[in-house]
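Here come two complexes built around subunit A, the first alongside subunit B, the second alongside subunit C.
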Partner chain A sequence: MTNFIEYLLGGLGSGAIIALMALALVLTWRATRVVNFAQIGQAMFTTFIALTVQEISGSWFVALVAAIAAGALLGVVVQYLVLRPVKRSDTSGAIIATFGVLIALQAAAGMIWGGEQEAYPQPFNTAGISAFGREWPISVYDLVVIGVTIGLVVGLSLLFTRTNLGLSMRATAFNPEVARLSGIRVSRTLTIGWAIAGVVGAVAGVLVAPISTLSPNSFDILLVFAFTAAVIGGLDSLVGAVALGVGTGLVISLVTGYSDSSNAPVVALVLLALNLLLKPDGVFGHTSSRSV
Partner chain B sequence: MSNLMRLPGARLVAHAAFFLAIFLVLMWFMGGADPLTMSNVALAAMYATAMFGMVILVGLSGQVSLGNGALMAVGAYTFALVSMNWATVPIIGVAMNGWWAMGFALVGGIVFGLVIGGLGARLKGPYLAGLTLGIAVGIPAIANRFPDLFGGETGLLLTVPYPEGGYLPEPEEGFEEIPVDEATAGTETGTETLPTEGEGADETLAPEDLLTVEDLGGDAAASDAASPEVLPTEGEGADESLAPEDLLTVDDLAADGSAIDASPTDVPSADVPVDVPADIPVDTLPPSTDMNDPGFLIEYWQVSLALIVACFVGFVALNLVRGRQGIVWRAVRDDPVAAAVSGISPAWAKVSAFMISSVFAALAGGVFAQLLSYVGPGAFPLGLSLSLLVGVVLGGRSSLLGAVIGALIIVWLPNVVRDLSDGRGWDEQVTNNMPNLLYGLLVVLVVLVAPGGIVGSIMAGVAKLRRTRREVEPPAAAIPPAPAEGHTRR
Partner chain C sequence: MSRVIATRIVALGAVAAVGLSLSVPAGAAAPAADPGVSATEIVIGTTTPLTGPASPGYKDIAPAAQAYFNYVNSKGGINGRKIKYVVYDDQYNPGLTKKVTNQLILRDKMFALFGALGTPTHSAVVADLNRRGIPDVFVNTGGSSFDNPRKYPTTFPYFPSYTVEAKVMSYYIKNTADLASKKACLFYQDGEFGEDAARGFNAGGVKFAETVSYFSGSQVSPFTAQITKLKSAGCQLVVFFGVTSATAQLLGTAARSQFAPTWMITSVGSDPTVLGASLGSSANALLKGIYTPSWIVPIQDTSNPFVSQMKAIATASGLSWNFYTYYGINTAYVLSQALKAGGKNLTRASLINALNTKAATFRSAAVVPMVISKTSHQGLTGAYMGQYNASGQVERLTSYIMTATSSSSGTAKKATYRPGSPTPKLLP
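Moving on, here comes the complex of A and B:
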């Protein structure tokens, strides 16, 4: 039982990162009805930028800020140059285009920074905290990650519920035509949505890099976990993405603890398949009518 | 299912004759080609085999899937396990050979295609892409989960059932010192020798047994793994003529340095009967005029195998695309509700498209296993699935000819980039990543500018040309043009 609790605690940090990545996927889905498979490539790319900034400036926070700025910019660029011009009738085209962006970003990162696994400096202590006479499987760094995640989620929910921008984003997600008729500049709102998603993804990248490694392909598995969390959470629901992201992290931690880390992707796949079979609209999603 | 192959007999015969002619012409060209071209053509044929399935899946039925690399792994592992573990075909009792093993790979493709397609048929666009993405990423995990069966990270080195008589590695520059008895030793067993640390093994390691980096579909991860220091260096000079960065040994494919130590113990050569009968009729092979008498070039065997499978699969695919089932798939893609009203089952249409593409992928996987004589998680990375998608999109999403063009692009673009970079002082990491960067940018460009890909754009251009010409000429003389590909469905 103590093992169980330790595994759960140990999964909180990675769960928070999966939650952030899932949040980024949900944000782009809400904005443009596109699952941005390039999100993980954008996060990887901005994390490489952050690593470069960190090596020059020596400051973790400056690097984080640089990643956030680059993430927003990259999100805008990808949405404006790639996704916006895709023809609406071409339903497969948007998905294929995001994969094209992913391939190009990974290759560009390999060109600029090389294909080796780079270690990202650890800004906080990643060893377990010692308290109450024992060592706990949760570190100062995990607490920072959880704190940043909570801060971002609170900030986003305030943005969506308390500001005019949030209102127009929700209106655009609900019905773009009606939103346009109500005087909302839809295309600008969509681009802003992608910028916010880019920021969230960039933060997730900078947070996950110190506890894994950084290479053009090293985040691929994070995309699978985040997609699993986002889909099970309903793809439309910010709360669902966060809850299921943390949940996925906990499940993976339990699987890794009780068996082996190589089982984690299999378990994620099984969860995803079961969810898609039993409740395709997700746990937190709104049931929509399906034509056939 | 009944109308999967329903076509007028005359067209069946015409299609068969068409692919037979293509096969014969290509084999005639291959007779005079150099080994490098042969192995490139073999790879392109293997890719085309898988991409025919992608055309049916992505282009005709409108399901974007990244699982076809994983389904190739299903075929390859089935091939390897069946040909390694079963000396005879169960129930029938015939001795196992390459074609029987391919048959089992086909069955594996059907089973997995039905399971994943059944899951996927309920899913729309992004859900299916995400699920199959997970499958593609999860392949190594599944191989590692059952290391006894699948060989784990190391993979399986399989004994390719070469035809009786074995093969003769063709000497190239730097290889003249290969002793004749070494070559004939390989001839007697009919098995491919495994590179080990021993002295003799490295000498039989002909360059064609080694994969170049681009063989893996330009996957960045694979090229990263190709660190030169794990190349066998113990040999007396076999590898002196080879640039280490161009070569990827079988061990590198495992993306794991420990592979080189572990693999020799996994070799199943003792279990496999030496007297496996020839699985390719000898009369399909060329008269060995330019080769030493008993052997033949291994690339020639490889390219024959890959082309036979590709032409057969292409024949089946053409019948499906042009037949009734192709109409069914397009109808469901364009308007599932209208299709259902017309008595088509949209779910079955999607599952059948997935199953067919899965069978093609599995057959390509069986060919891939025989080209590499190795099966392992490192040979089926996410990049393989992505490059299948890239090739089909670039060539033309709903055209079988587009799949062939896509396969040629996937195989030749890395070579072109390397030729360009030679002498221009490009950094190695630039050269290695340039093909993928081009693929990514080209895919985006094609989706935005020309969703029909190369073939679709050319056909649209031809149709436009015809239209303008018809406007110039008196309409009475004009023959009504054949409707363009996309408009035949209703």
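Moving on, here comes the complex of A and C:
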């Protein structure tokens, strides 16, 4: 029983990070109906920028701000330079194009920062919290990550439901033609969607790097789990992405704890397949919001 | 279309070459029959991860080998032949390994493959290389399946197999009172890497209270669940068999969970330079006291004539001096001696014959004997036990070495071995 609680707590922190990444995927999906596989590459790239800023400024916070700025900028650049021209022809082409961007970003990071694994400084205490006479596998740092995730979901939900920008983003995603007729600047709205997704991805990158290591490929496995969470969550739902992201973290931790780590991706795949068979619109999805 | 033309040109060229060789009068020096070797050049190929998740550390090996070949070429080459070294990035992806190896065979017409890296990657091509009779020298993996001269007569592993290493670890644990009394657990990378190790521990008679694993590629996310499992099992000695990037993640996660057992780590997973970069400022504190077997003179021992000369070659080429640079130069040095031993009239058969019969005479920074014969392609046969000191360097702990075979039975044995001194100027 104690082990069970430990595995759950241990899975919460990584689950929150998967949730953030899933959130970024959902945001680009909502904005442009494209699953952005380059999201993980953008996050990796902005985290490298953050590491450079951290080394120069010595401040974790300044580095985070730099990552957020770079994340927004990179989101805009990718959307503007790659997605816009490609999307005109067809959507599947756009998805393939995001793969291309991912490879390009990984290659560029390798050329700029080298292929080695780098250590990212830990801003908060990452040691387990002691309570009830023992120590638990959850740290102050994990709590910060969970807090940031909750904060972002609440903030984004408010943005989508309470602001004009949010309304135009939803309208654009729902029906670009009608949105354009209603006076919404559709392409600018799409670009803003990508910028916001870039910011969320950048935050996820900066948060995951201290408990992992940073290299051009170090977030690859995160993409697998975030994609699973986003799809099962319905691709369209912020809450779904977060709930399933945390859920995926817990499942991985429990599977690793009770059986073997090599079963974790298999279980993720089985859950994904079951979901697509039984409830293809996702647990939190609205009907016909997507077709996979 | 252009490829068809190119093929025809090659075919015409081949016909012309055959015609020429037939017209050479008997008694004149016959041109070498094998691809990739001429009177002035030997083409050597390699496949290795220069990019991708497995590249940290490993990507430094090929440039280091290149630095050594440049050095040899600048001194006149081997029996008058310069080495042309062709390196392809396979990203540790077996599909890509297959593709670039075919390029090396068909387009670059390599004479021999040297230092191909990785068990899953090399498994994809080893049968084809042997079928074509291409020498496959000093595979960069401890996978014991490649030591099989009956099945793979042209394949030669170099460093001790994981089974040998596990037997060495077993011997040391059982014969060191302080370690033998500890509750031992095993943490391994799944696949042949871990299976080979498990076979060695079985033969060596070490029983583990708990075994946990990670899957290759997942070393970039924290090992929280694995650490929880080891911790709750009360492990006091954790033996780790994985790649260096996973070692970094393991030590980092364990430190965060305040789990501090005695660690023993495989030699392929314990490069201090790479670990230092991955672990940041806390590296030396985390590394101190970790046991790791090794079969080579410690890298910081620059009073050793092998180390000092290899370091000079690396530095002259602008390479950073780390374990992989050291290793790359060392294996290139041994290969060059094998090529020289292959004789003035170098052929694939003469190279293989030289490896099968003269391996014991090759000099290197290894401090354990190399065993290669027609019936065993084991390569290096053992290790000494080392331990990290407070400055993050591995120091030799045992003056003796422990030797073993890759078979699934038999234990390691204590031995002494006095390695030969370097050849003049470190030239073959």
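Keep in mind that, in the parts below, the second predicted complex is superposed on the first by the 284 of 292 C-alpha atoms of A that agree within 3 Å, B and C clash if a C-alpha of one lies under 4 Å from a C-alpha of the other, contacts with A are read in each partner's own complex, and residues count from 1 in each chain.
We take it that a contact is a pair of C-beta atoms (placed from the backbone, for glycine too) under 8 Å apart; a residue touches a chain by one contact, two chains touch by 3 or more.
The shown structure was predicted, so the numbers you read here are calculated from the model rather than taken from an experiment.
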Superposition on subunit A - do subunit B and subunit C clash or fit: clash
First (subunit B), second (subunit C), both or neither touched by A:D90: first
Contacts of A:G151 with subunit B and subunit C, given as first, second, both or neither: neither
Which of subunit B and subunit C A:N217 touches, first, second, both or neither: both
Partner chain(s) touched by A:S262 [first = subunit B, second = subunit C, both, neither]: both
First, second, both or neither for A:Y7, with subunit B first and subunit C second: second
First (subunit B), second (subunit C), both or neither touched by A:P137: second
Which of subunit B and subunit C A:S253 touches, first, second, both or neither: second
Subunit B versus subunit C as contact partner of A:E116, first or second or both or neither: both
Touching partner for A:L105 - first (subunit B), second (subunit C), both, neither: first
Steric overlap of subunit C with subunit B in the superposed model, located at which of 171-179, 189-197, 297-305 or 387-395: 189-197
Shared contact residues on subunit A - subunit B and subunit C: 106-107, 110, 115-116, 215-217, 220-221, 262, 264-265
Residues of subunit C that touch subunit A when the two form their complex: 50-53, 55-57, 59, 190, 212-215, 217-218, 220-222, 224-229, 232, 245, 248-249, 252-253, 256-258, 274, 277-281
List of subunit B residues in touch with subunit A within their complex: 58, 62-64, 66, 119, 122-123, 125-127, 129-131, 133-135, 137-138, 140-142, 144-145, 220-221, 223-224, 336-337, 340, 346-347, 382, 386, 389-390, 393, 397, 429-430, 432-437, 439-444, 447-448, 451
Contact footprint of subunit B on subunit A as seen in their complex: 29, 34-35, 37, 82, 85-87, 90-97, 99-108, 110-111, 114-116, 215-217, 220-221, 223-224, 227-228, 231, 262-266, 268-269, 272-273, 276-277, 280, 291-292
Touching residues on subunit A, where the partner in the complex is subunit C: 2-3, 6-7, 10-11, 13-14, 106-107, 110, 115-121, 126-128, 135, 137, 139, 211-213, 215-222, 252-254, 256-257, 260-262, 264-265
